[in-house]
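The chains carry the letters A, B, C and D, assigned in the order they are written, with residues numbered from 1 in each.
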């Protein structure tokens, strides 16, 4: 399983490194969203700083959707599942590999976005430990749940509309928890943030476990 | 007799269409079987279903000793399918593609290099992204990806299509070598002369069935067809 | 009764929607039954 | 099961019982029971709101989850559970839609707004979308087994999300906004007026009966659709076999 996971993650990341879609399109898209929010919400810096965490996670969420969609589009056939199934790799391994690759890309994106928020929205970073743990748990949870629904939608004609419909309500608590935890960390009131961080870890654990168990059957179905 | 493929009244659906409507087919280990038939007879679905890509929904289906209706995963690492799609990652180089294919099947890392050498891909093309290859070159790489897996069952769907003369000769050579080494080959082709020369036996498909697929006398073929 | 309009609208729409759904299910069920009946007995 | 046009006797009785009890609920709620001390007449809407919410969230989605789990478990795998899960989820989404509608009207009367980001409203809305997604997955065409398995997995995944959604929304609201006054939870308090408690109880019974009746019919509809698909498949296989001129060899047992 771990060997297969490493193989798939390596392959996905290598494809991303070669195609540079992430660097050339997803990251600029995410930064653009930050700028568009600034236009929409009046660039009064006080407002932007206070809603910064929420905007940050909304942007991560939508970019995450793109990353997940892309993770299955890059599979080497019209029906992404064919190539994955034919490879003979273990379902759980494929899940961990794909989710891992998505999480790695999101982590990079979050670093860039965090810089964007600090510079553009004049947010001052506090509570580094909580911020890091929040990002870690939220990213893993997002990637894991997204990958599970990604394989359900992959290969269907309706995938581009079905994936957001399925995954956004599931990820609603992640968005809520991550934004609140970041707010608490930035406001210097960590005691309010820890329950949220715990919730994020619970979510990540549940969906990673679920993915490991369910991905094989989901991949197998013809 | 050891069967590489043994199908009895096997049904496989494409959506709600019965692409295979009760196939009876025996293929012994080491055979090279040519599957003939008009377009739409079910050849492609037969090969895909044997690779576990399309499900058998009724009947019996045994491939490489595994019941495909119960466990489709078990045979995957031992199968090489050359289909209409090439299953290549456009953004990866030829070498990376073959490396991934070989490692996914659990073959040793040298087999990718070996496959490249046998198909004449180890020169300039080695580090070219698959997306930049011509259609003919892609076919060659796709063949190499199958070879690199060292499959026990080769499922070749129109393998000669799109290959140049040199590539076809290499492919035939590889298939004969593999069969001599004990692998089984199931081959669908419209290049009848070439394919018939390669095959050790020919079966005919029509209407989602194989008319002369059984090796044993027809006693076994009298079983009724079970549907749904 | 205060806010009678809102309350009656609520009751009316609830029962209308439920009745509509039930009617849809039963109508469709009957038509399918008729389709299947000739060979089922 | 036979495919007669009429429903079976128990289902018919169930239908009449639910119709009568619903009518009684309406009379009790609109005429007999008194207005609430704090809420006034808007309390009358809660006699619909509370039962639909209860049936949607606990009964309907509970049945969907249970049936999906039973489908996924190899020993109990059967089309029956898949059809039950789908039928129950559809009714659940319908009831939850009604819950939101009634809740919204009630909110308009009580708070002066159609919508507020109250913990339970938010949870309900997320749940509504979550199960809409489940129904969307069920509508994606595929072979029956594939569809059943895929749907069952999505149902279990949705169920796993429910407690997390609930917890997160609960914290969100309690941390940021005082609890809403005029909470309908007070209705379940034994101290409230006798007629009100009886009306609420009757409402729950009536909607439970209605749920059972709808489920029986909706299940039957799904079962008929399934039969029809099977019938088409048998015909398609025979036609397919005839293409090869082997039709007499095809002793299709159905």
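Just so it is clear, a contact is a pair of C-beta atoms (placed from the backbone, for glycine too) under 8 Å apart; a residue touches a chain by one contact, two chains touch by 3 or more.
Note that the structure is a prediction, hence the values are computed from the model and not measured.
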>> Using the touch definition from the top, what's the fewest steps needed to get from chain C to chain D?
In response: 1
> Measuring centre to centre, with centres taken as mean CA positions, what chain is farthest from chain D?
Replying inline: B
>> For chain B versus chain D, what separation do you get between their C-alpha means, in angstrom?
In response: 47
> Distance from the CA centroid of chain A to that of chain D, rounded to the nearest Å?
Replying inline: 31
> Any idea how many Å lie between the Cα centroids of chain B and chain C?
Replying inline: 53
>> Quick check: how many Å separate the C-alpha centres of chain A and chain B?
In response: 38
>> At least two partner chains per residue is the criterion; list those residues in chain B.
In response: 55
>> Give me the residue numbers in chain A that touch at least two other chains, ranges are fine.
In response: 221-222
>> Using the touch definition from the top, which residues of chain C touch two or more other chains?
In response: none
> Considering every pair of chains, which are in touch?
Replying inline: A-B, A-D, B-D, C-D
>> Which stretch or stretches of chain D touch chain A in the complex?
In response: 126, 129-130, 132-133, 136-137, 140, 142-143, 145-146, 149-150, 153-154, 156-158, 160-161, 164-165, 167-169, 171-172, 175
> Tell me, which parts of chain A touch chain D in their complex?
Replying inline: 145, 148-149, 152, 156, 158, 162, 165-166, 168-170, 172-173, 176-177, 180, 192, 195-196, 199, 202-203, 206-207, 210, 214, 217-218, 221-222
> If you look only at chain B, which of its residues touch chain A in the complex?
Replying inline: 51-55, 72-73, 76-79, 81, 85-92, 96, 100-101, 103-106, 129
> Contact residues on chain A for chain B in the complex?
Replying inline: 4, 7, 11, 14-15, 18-19, 74, 76-78, 82-83, 85-89, 91, 216, 220-222
> For chain D, which residues count as touching chain B in their complex?
Replying inline: 141-143, 145-146, 229-230, 232-234, 236-237, 240-246, 250-254
